[in-house]
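Structures incoming, each one as structure tokens.
In what comes next, chain A is part of two complexes: it sits with chain B in the first one and with chain C in the second one.
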Partner chain A sequence: MPESKPVLMQGNEACAVGAIHAGVRFYAGYPITPSTEVAEQMAARLPDVGGVFIQMEDEIAGMAAVIGASIGGLRAITATSGPGFSLKQENFGYAIMAEIPCVVVNVQRMGPSTGVPTAPAQGDMMQARWGTHGDHPVIAFSPASVYETYYLTIAAVNLSQKLRQPVLIMLDEVIGHMREKVSIPETGKLMVEKSSSNVPSDWKPYDEKGLTPLVPFGFGHYYHVTGLFHDQYGFPTGDPLQVERSLDRIHDKLKKYRDEIMFTNYIGHKEPRVAIVTYGCTVRSARAVVKKAYWQNRLPVGLLSLQTVWPFPDKEIEALAEQVDVIIVPEMNMGQIVGEVERYARGKAEVVPLNRYDGEMINPDQISEEVGRWLS
Partner chain B sequence: MANRQEILLTGAGGQGLILASIVLANAAVNDNKNVVQTQSYGPEARGGASMSGVIIDIDTIEYPKVTNPTVLLCMNQASFNKYMPKVKPDCTIIVDSTFVSGSYSDEFNVQAFPITRAAREQLGREVVANMLALGVINAATGLVDREIFRDSIFKMAPKGSGELNQEAFDLGYRLYEEGTGQDIGVSAQTPQ
Partner chain C sequence: MAVIEQLTQDFLRTKKLPHIWCPGCGNGIVTAALVRAIERADFDQKDVVIVSGIGCSSRAAGYLNFNTLHTTHGRALAFATGLKMARPELKLFVIMGDGDCSAIGGNHFIHSARRNIDLNAVIVNNHIYGMTGGQHSPLTPVGKKATTAPRGTLEREFDLLKLARGAGATFGARGIAAQPRQLEQLIARAAKHKGFSVVEALSPCPIAYGRRNKLGGAVEMLREMKDSSISVEKASSMDTSELEDKTLTGVLFSEEAPEFSEEYHKSINKENA
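Take a look at the complex of A and B:
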């Protein structure tokens, strides 16, 4: 990827810049710590590129406006944190059902409820998966650096557009608020998913043959949009066959494009005995551990970091579990993703949670200690 | 200069320390170094204690929080009392003697300068005390190339105040070169 002069940038700012570089021209939301800088940056930058920023009366309306803008033809994003993320869930499910692209950023803070607004946490990972009701598919990314925030936001906008599927960016307070050196490519040098301008004349919004590009309202095609189960024209149906097909349809697209959705990264020993699996800011601490244990001391330690948390990287975990004795899963919650790791390790490796939920980051020493216990 | 430098800027909310940390981090980026800047948010950032950290390294920076400061700036008494006991003896401790006095152990490298007083009396503007402090720190440690630092300050300063802020930075250098005063603050105390 071509890079330009390095700059100092905050995680939340990188999210806003990434969105704009990926063609987002609409933001609606309600500011909440620690996500406020995303809104602030969008408010400052969108008018310059002919975009629209609206501060809504609450998070529910913010989500609704984003869905409306998207079906009207604009790429749209909203950002929030904990309590706001809860409020967005119903409309988020609607966007999944009606297959309307959008990106929702959740900069995680300590919960439940209003919790500690300024303290980081990774407690919304299961809410990201199952926060809205029904048997729905979810795509969620979890960046571990300012640059990852930038490129995962672009990936989120692109995937969302291509798959007509809402995408979540599960940031945390640490990455959202910290500033670091990044080299941001200039616009026009990026892979940005183009919206399709020539669609077949027999275009159907929910074609039973498979995924069709979204044709925004007012662009020559008439169709119906609903949260009810619908036929290929979007009209409500209760027919068991069509209901089943409809649900398969929204799940199958994620399976078909798995390779484009799944971002994971392994660093460390080629034949590890101890593996760390983690995501978000906790990756930073784990990397410090691997740097010392493997790069300096050649110990059989590795780190699989998950940039994509949902859909869960099942095959990657299965393959890792075949190799190692133990998988350590550090998370800033009481144990959420560790359950998924256990599920796909299928008893082939010991799976050990490492939790911290006092509003502070898990530090490298904590992980080192656990790794050391399993190496001796 | 060691490869990894961890700088902790502490004081009261409103002294411009978070901005100072961003200016320092920017200057380090312009000097082609890896940088991570973090800060304390929350009630303490709204009038009480303020703390921000900058890590500068040639290597990539993984864990982003300051754990073992190599440079500590204390701009008020509360922060001096809170953070000084937490650093190791080889940490360079710079205090603003306008606000800080008190005893410290001889094994610590504490250097006191009348940072805020100098900004007020010599530049007529107390608000540039933060840039003055950066001048002192950079003179003492050589974290970032001086000219690159000056340019970065000019570029980041609000329109029309670039030169004033650069002047403050230079005054910091002068204070450092003159050495710690004998009649003020910490340096006047008998080490215990």
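Take a look at the complex of A and C:
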């Protein structure tokens, strides 16, 4: 694959480029800081590849239009931030229920409410998990660099298509606005096949035997799509057996394809005593700590960064907790993912939150100080 | 096979019947008019998509044998906009109730009109939220009672077609369940119109609206609907005093303007040429 010359690129732009490389041909959204550059990039780039960009009347409509386009057979994405993410939740849940592929980008800013629109935060991690009502499965990625934003966007689009499951990209203001040197391929490496209307005649949109590809509307398969619980043809049902089976179905596919969903990365000492677990821009500060503590001073310190935050990397945390005395969880919120880490550490290791919620990044010194306390 | 039987076989999901609507409800009449209108418009069945919101009338989608999309409350037009932009060749009919379209979905309604996107909105107006048991909507006439307006609503109602026209819709018509043939013709004309079209279909809800307002049963409500309406053609030769309290039916406006999905795809093709 020919690599292009290195370019200086913003995270939000890398997201747009990654989406287009993954075959996305539809964007609908509403302007909001700090995600607007994703929309601007898509508005500039999509017409060149014959795609559709539309600025909708509100955030809710942006989410709805993306689902509509996806049912029409176009790969579709939308981007937003905090308040807009709240507004998108109902239709996001619809896409989960109706199994319509799409990607939703949330460039997190300081909340709650209007908060500090230009300040970074990681305060929407639990909203990503439980923001829409009902007992639903969620896939969420959290990139820590511009290049990671590019490839996780491609992975998100592909997974979304394969599993017929919406995928969240939980960026933050730091990564979204930061410019880094990246070398990205001219065309996508990870493209999957185009959706096709050529399916067996007994094709069912929600086949009880398992996943089937989505046949877009307009090809003579007259099925029904609804947010109601439905049978394998898509028609509403209130039958307890079918309701339960339907809910199991959307959860089971994530379990079945766990290996393709789960991205984590460990760096540092082979037998660490102190581990840092984090995600998004906070990974960068943690990396600086490991660089100094392990690479320079050979201290038993390691970093497990979570590119996949949901479904939660439970087994990875369990394994890590077996090894270490303590897991430090730095987050730019009042403590969200730390609760999950604690849950899967199962008392095998101490779990220590490290929080900052003043709209500034957690710096390496803060993490270093905490690490030092546990090493002494 | 008689035409109507053929239509039933082709365009209705007969296995999904009986429908969920109450006795005396007008939704079945409007749905039947829609089916005949699609036949009249002579579209290829595979190109037709029915999109609907949430509410009694929106359940019609499940009974119609096309690609059908039952969306979320108020958002049918926003879903439809995405689909139409992705696949401009498809013929979309968007069924909404009065509350669905004009309250929670009001923003999407005016912006669909402003864009003049080629969607055929069919609003079944029974003046009430039926599925939740009779709350007032933005189309409940002032003074009428509802569970959430037990003394009669003080809120003034929208004139949906004036709203649509003001926002930029290029076709607006009103029909009534009491005159299903005319309703069918109106929906067929809307279907052929290029641009955002709105057909308001007045429909009786004896259970959640009529009973509380002492309007009688379905027969009385349909009769009253017929007596109080007048076609735009007849109305054109009448004084304004004679038209007081009359509801106009027929095509209220029809004009030409650039259609959004076509303009968009033309513009990107030009850029790429």
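Quick note on the criterion: the second predicted complex is superposed on the first by the 366 of 376 C-alpha atoms of A that agree within 3 Å, B and C clash if a C-alpha of one lies under 4 Å from a C-alpha of the other, contacts with A are read in each partner's own complex, and residues count from 1 in each chain.
Heads up, the rule we're going with is that contacts are C-beta pairs under 8 Å (C-beta built on N, C-alpha and C of every residue); 3 or more make two chains touch, one makes a residue touch a chain.
These numbers were taken from a predicted model, which means no experiment stands behind them.
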Which partner chains sit in contact with A:M178 here, chain B, chain C, both or neither? Use first/second/both/neither. first
Answer with first, second, both or neither: which of chain B and chain C does A:F219 touch in the superposed model? second
Touching partner for A:P143 - first (chain B), second (chain C), both, neither: neither
Touching A:M361, do we find chain B (first), chain C (second), both, or neither? first
With both complexes overlaid on chain A, does A:A76 touch chain B (first), chain C (second), both or neither? second
Using the touch rule from the top, collect the residues of chain C that touch chain A in their complex. 16, 45-47, 49, 51, 61-62, 65-72, 75, 78-87, 89-90, 107-108, 110-111, 264, 267-269, 271-272
Given the complex with chain C, which residues does chain A contribute to the contact? 25-26, 28, 47-48, 50-52, 54, 56-58, 60-61, 64-74, 76, 90-91, 94, 216-228, 235-236
Chain B-facing residues of chain A, complex: 6-8, 33-34, 116-119, 173-174, 177-181, 281, 284-285, 287-288, 291, 361, 363-364
Would you tell me which residues of chain B are touching chain A in their complex? 22, 25-26, 28-29, 32-39, 41-42, 61-65, 67
